[in-house]
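These are the structures, in structure tokens.
You will see chain A twice below: alongside chain B first, and alongside chain C after that.
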Partner chain A sequence: MALSAPLPVVRARRASQKRAAARTTWQAYALIAPAGILYTLFQLVPIVGAFVLSFTSWNGINLGRITFTGFDNYVRLVQDEQFWQSALHNVVFAALVFVFMTFGSFLIAAIIHAGIRGGAFFRIVFFAPVVISSVAVAMLAIFFFSPSQGLINEILRTIGLGGLAQPWLGSNEWALPSVAATYILQNFGFSMILFLSALSQVNDEMCEAAEVDGASQGRILWGIVLPSIRPIASVVVLLGFINSFRLFDTVYVMTGGGPFHASDTIVTYLYRTAFGGNQVGYASAIGVALFVILGVIAVVQLRLTRERGES
Partner chain B sequence: MTSPIRQRRRWARSALALVTMGTIAATMGACSTGGADTSATEISIINRWSDPIGEAAAEEMFAAFTAETGITVNNNPQPSSGDTYQPAVRSALSSSNAPSIAIDNAGPNTFEYARSGAIMDITDFFNETLASRSSAGATSGETLDGRIYGISAGAVVGNLIWYNPDYLAQFDVDAADITTYEQWVDAMQKIKDAGGTPIVLGAKDQWPGGHYLNDFVQRALGSEQTTALYNRTVASGQPDSPKWTDPAVVDAFQAYVDMKPLFQEGFLGEAQATADSLFLGGEVGFYEMGSWFLTAIQNGDPGFTPGVMLFPALEDGAGAGTEVTLGNDSLMVSADANPEATQAFLEFFTRPDVAAKFGAATSKIMPYEIDQSLSVVPDVIKGQWDTINSFATDSGDGGAALFNDQAIDVNIYQTYIWQGSVGLMSGGITPEELAQQLEDATVEAQKANG
Partner chain C sequence: MKFARFSLPARIISYIWLGGLAVCVLFPIAWLTLSVFKDSNAIVGDPFAFPTHFSLDNIVEAWQQGDFGRLYLNSALITIISVTGILIIEGAAAYAFARMKFTGMAILFAIFVAGQLVPSQVIVLPSALQVSALGLSDTLLALILQYLSWAPFAILFLRAAFLAVPRELEEAARIDGAGVFTILTRIVLPMTRSAFATVGTIYALWIWNDFLFPLVYLQSSENFTIPLGLAQFQGSFTTYWGYLVGAIFVSVWPPLLVYGLLNRQLQDRLSFAGSKG
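== the complex of A and B ==
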């Protein structure tokens, strides 16, 4: 018997370990199989399908009448002013969300975290709209913004500022900000809760020590608080950007992209192209473009976060 | 002998495998083809009779059909909004489990389904069984290349002006004196000058503004030329005239823009539902809305009796003041449906007693022979119902055109007519620019249509 050969006991143990590992692997696959199948069928297949459809012309009714058009849809996309105008609206929307929702929710979270009276009440008040259907909120907002019967114009008139009353959702200038305000007010609470959670993780002792050492509040915020909450802040910013580009329901219900495309976003344009205009191939190309935009945002954001973390 | 632990593990694995297989089976089942409608005893129907009045009338009709034939009806009413209803029908008809019958706008929608092979050619059945009891509108917007792909599920008149006689009286305006557009504008200006609200519009929802573009173009060109203009966007082999850029069409768009000062303050941001309530609340003189507004009157029970007239004629327009715009819902049979069961339904639906009852209940004009004794509408809308029916009857041969959103290519009317109607009012686009964009899009569509 060669010295290098393992003893029978060792061989048996290794075989047993292999069997156990195989069993564990099989069980793991079995456990993830249902989710995997559903994910494949309802996520991956449609994504691949949309990518394939983006190279075709199809009216969405009969697959037998589909025609391959190569890169025609993408050429059209590049030249489509309405697409770029819609994309610009998404950028404006993302900027509004970034400024008002990210900073605003951090500010409110900081105030609540500071221990003001009724903190729990404000948490509920700000978070409550998050759990309401965005369609319901948008429907409600339509009544608020109604020029003749809406609360906003009524308040303006009551306080003597009737000159500022607007046809909010029918105004080229105000339609998009009105939709953004509705979206921000509805989703503000979610970011606030995330920031509250992050602020609770900040090391109080370190802050107190800094204070004792004479650091200003601004210096403490910049040097201790912000680095501590950076991972959560990154998530809030990333979600804000991604959701701003995926925006559909609030815009669709409130303005339908109007007036005259003044509040169109990429997804409302995509929807109207696919389901209003029967141009599923071109709409798929818009969808692929959106997928790429979101991918780039996510990668850039994650890379920036990682670099800052490493530095 | 197997240890209890191993036994339990074996059971757990078996259970896990069963759950996995069950999930796969359920998923595959959910995604599998439902197959054609092979049951002779059940038909399914996707429709827009989803308002309380329409749904109740439909359910009553389906129950009577089942009682007579033994064929049950799987009713699938969907919200009637144009933005959501048409995609719902398209998804349903393109699925592997298509409904037996679908109801959607006549015109380009129906043609698209016909060209795609999603609906059945019912020409022979119609000619043999239904033609003798049908009037001209029964297949309007449902005939493509001489073949019939649907029948009317009820028509509506679109170019109506509703008015509040009590409100008008406050300003010494009598709608009976108005026969031309110019007189109508004068009357509205009189109301405006006296501090009243002449007319209300829910422009935010886009399609109400599209109505005005339709009304003005029809009055400017006349029904025949309007139909020719609209047909250029969908049908092959059409003449190049009239064009959207013709002065008469541009002037028609401009006439709509000129109405801007007459609408209520903030009309651009107002929803159609709010405009409905403003009119029914008695706060305004006039309101442009189709005959389906009868249902809103029934539900709203306003404190006055609304009057109704056709959109007035333009003094220098080619269209007569008696010409009507028709909207026609098309009842289409899915290509995979059971022919016998669906034909039994079509025969039942167009029967004089059924058509009379259903038409009256849903305020729809049924283009079939109807049993007048059964055509009973509630007193609250009876006067207006009779008036609207007389409009349709008196319009005469060639005196009707399909609505622009039922006659124009679906992408063109959504992009240029609906959105454009708002753009004209918001200053986003001029009448000349809109006309040019429509013409360019029409030329592109003509190329695509061969």
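== the complex of A and C ==
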């Protein structure tokens, strides 16, 4: 018997499957709708807004006085020394974060994981500042870095190193490093627990075998442990870079970008341009530039890890 | 690796380094905690001296001047409403992405994921303009709506958690006649509870400590959150250090106490999230 046409039963089942599929589609849309609407309204619209505004000149107050100026803002941005200076500060900051926070917390995690006495205590203490608001930490730091009554200078004088006393936050050379030290001390605990959780998944047998073969602890760290936690290591490195370029709270509270822009970052410059200078169009162009910089960092980082992973 | 097998200099350096760092972290907290009991002159004049008499004036004054009762209420309201909303709204979307097939799924998901790459600092300015255009400037509602739209991380993370629930379990329940609601409440949610707890913890920290959006959205002090209210102290009481110390003290200790109670769970959750993110 040739079954050229589906039996009625089969046809009915297919129709009901189709109906079921249509129903799941509507259910899915209904489930996604609240998230989608909020996300569109308060994330996507502002993103598009930032792009559109970056081609305008506007004081942000009077809608009638908004004028399209083409690429003027971007031409200005390329020539704006203050922007490049701010961006350079972000690069310096990112370098400090990479060495002292990312790499430092890797070593700290390795030491704790290896079983230093008091490891649990160090873990709890190092992570504690992460839960505190960065504003509170920055304000506390001001007490320490303050020039005349600050605790750091006081300590230096007490131990006879008064010559090293600095106006820290008021000095061109030391403002940015002081902010960086505060930021790193607050946040290295987060990188540390990411590394610790990665280390707990490392195959101990390989390390033991290498130890039996007489490999030094340093060789094991470089040759076995680091390669096997590379995925998380690359996430922590990327987070360090991205957060260095998004830096705002700590700088804003501690120095406001000063003295004379010596600790300005892209975001503090953006904030001042927008809300202090009422140059909404230009500030939007700075925001778009930041977006591009972060995108490039993410792509480069992804490429690098992928290439290494393949080789 | 075994710490006992480190060379002697390496062990000594390790202890000095970690011990020194612990001092760097603990000393400011200890200094804050002792100084809060001293008057302004003693804080500045003799910063390392132990307080001679324990006065609660700084704490009480800072609490009243800064209206910290109001600040805590605002921060708590915003955080609780936003985090609860995020878990429900983003959880629902994540479930659809994990379990249902529908037209446009790949594109919609890609759009959500792409948002992860856009830093909030880029959207803060246009979003402030938008909020005032909507007539929502200087309201807690504007902040809550902004936080509810922080979807990418929650959706990515919760979707992964839903995908880890074996499909067979749900299908078996369906064959036994269980409805969507029963399957969700009896099978799916209990199995993804820890992922929800992780997302809730991370967002609570982000929202509680957020400074940028309150700074650009809010103008009147009765709407301020803790970081914003605290930052106001810096400008207004620069000369009166006792108030400043008091304000930092009352903003720092409650979260630290919560951390002290929950530190193990908190660390496990966050590191788990970091390894997935």
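Note that the second predicted complex is superposed on the first by the 301 of 311 C-alpha atoms of A that agree within 3 Å, B and C clash if a C-alpha of one lies under 4 Å from a C-alpha of the other, contacts with A are read in each partner's own complex, and residues count from 1 in each chain.
Please note the rule applied: a contact is a pair of C-beta atoms (placed from the backbone, for glycine too) under 8 Å apart; a residue touches a chain by one contact, two chains touch by 3 or more.
These figures come from a predicted structure and were not determined experimentally.
Q: In the superposed model, which partner reaches more residues of chain A, chain B or chain C?
A: With both complexes superposed on chain A, more residues of chain A are touched by C.
Q: On the A-aligned overlay, A:260 touches which partner chain: chain B = first, chain C = second, or both, or neither?
A: A:260: touches chain B, not chain C.
Q: A:129 contacts which: chain B (first), chain C (second), both, neither?
A: second
Q: Considering only touches as defined above, state whether A:165 meets chain B (first), chain C (second), both or neither.
A: The answer is first: A:165 touches chain B but not chain C.
Q: Of the two partner chains, chain B (first) and chain C (second), which one does A:151 touch, if any: first, second, both, or neither?
A: second
Q: Have a look at where A:279 lands relative to chain B and chain C in the superposition and call it first, second, both or neither.
A: A:279: touches chain B, not chain C.
Q: Regarding the shared-chain residue A:39, is it in contact with chain B (first), chain C (second), both, or neither?
A: After superposition on chain A, A:39 lies in contact with chain C alone.
Q: After superposition on the shared chain, which partner residues are touched by A:27: those of chain B (first), chain C (second), both, or neither?
A: Both: A:27 reaches chain B and chain C.
Q: Would you check which partner chain A:64 touches, where first means chain B only, second means chain C only, and both and neither mean what they say?
A: first
Q: Please work out whether A:110 is in contact with chain B alone, chain C alone, both, or neither, and reply first, second, both or neither.
A: second
Q: Shared contact residues on chain A, chain B side and chain C side combined as an intersection?
A: The answer is residues 27, 31, 34, 38, 41, 60, 142, 149, 252, 275 of chain A.
Q: Considering only the defined contacts, which chain C positions touch chain A in the complex?
A: Those in contact with chain A are residues 1-7, 10, 14-15, 17-18, 21-22, 24-26, 28-29, 31-32, 44, 47-48, 89-90, 92-93, 95-97, 100-103, 105, 108, 111-112, 115, 117-123, 125-127, 129-130, 145-146, 148-151, 155, 180, 205, 208-209, 211-212, 216, 226-228, 230-231, 233-234, 241, 244-245, 247-248, 251-252, 255-256, 258-259, 263, 266-267, 270-272, 274-275, 277.
Q: Okay, in this complex, where on chain A does chain B touch?
A: Interface residues on chain A, with respect to chain B: 27, 30-31, 33-34, 37-38, 41, 59-62, 64-65, 142, 145-149, 153, 165-172, 252, 255-262, 272-273, 275-279.
Q: Contact residues on chain B for chain A in the complex?
A: Within the complex, chain B touches chain A at residues 13, 16-17, 19-20, 23-24, 27, 31, 83, 86-87, 90, 93-94, 112-113, 115-118, 203-206, 264-271, 274, 277-278, 410-411, 414-415, 419-420, 422-423, 425-429.
Q: Looking at the complex, which residues from chain A come into contact with chain C?
A: Interface residues on chain A, with respect to chain C: 21, 24-25, 27-29, 31-32, 34-36, 38-39, 41-47, 49-50, 53, 60, 108, 110-118, 121-136, 139-144, 149, 151, 154, 185, 190, 193-194, 196-198, 207, 211, 217, 220-221, 225, 232, 235-236, 242, 245-246, 248-249, 252-253, 267, 270, 274-275, 280, 283-284, 287-288, 290-291, 294-295, 298.
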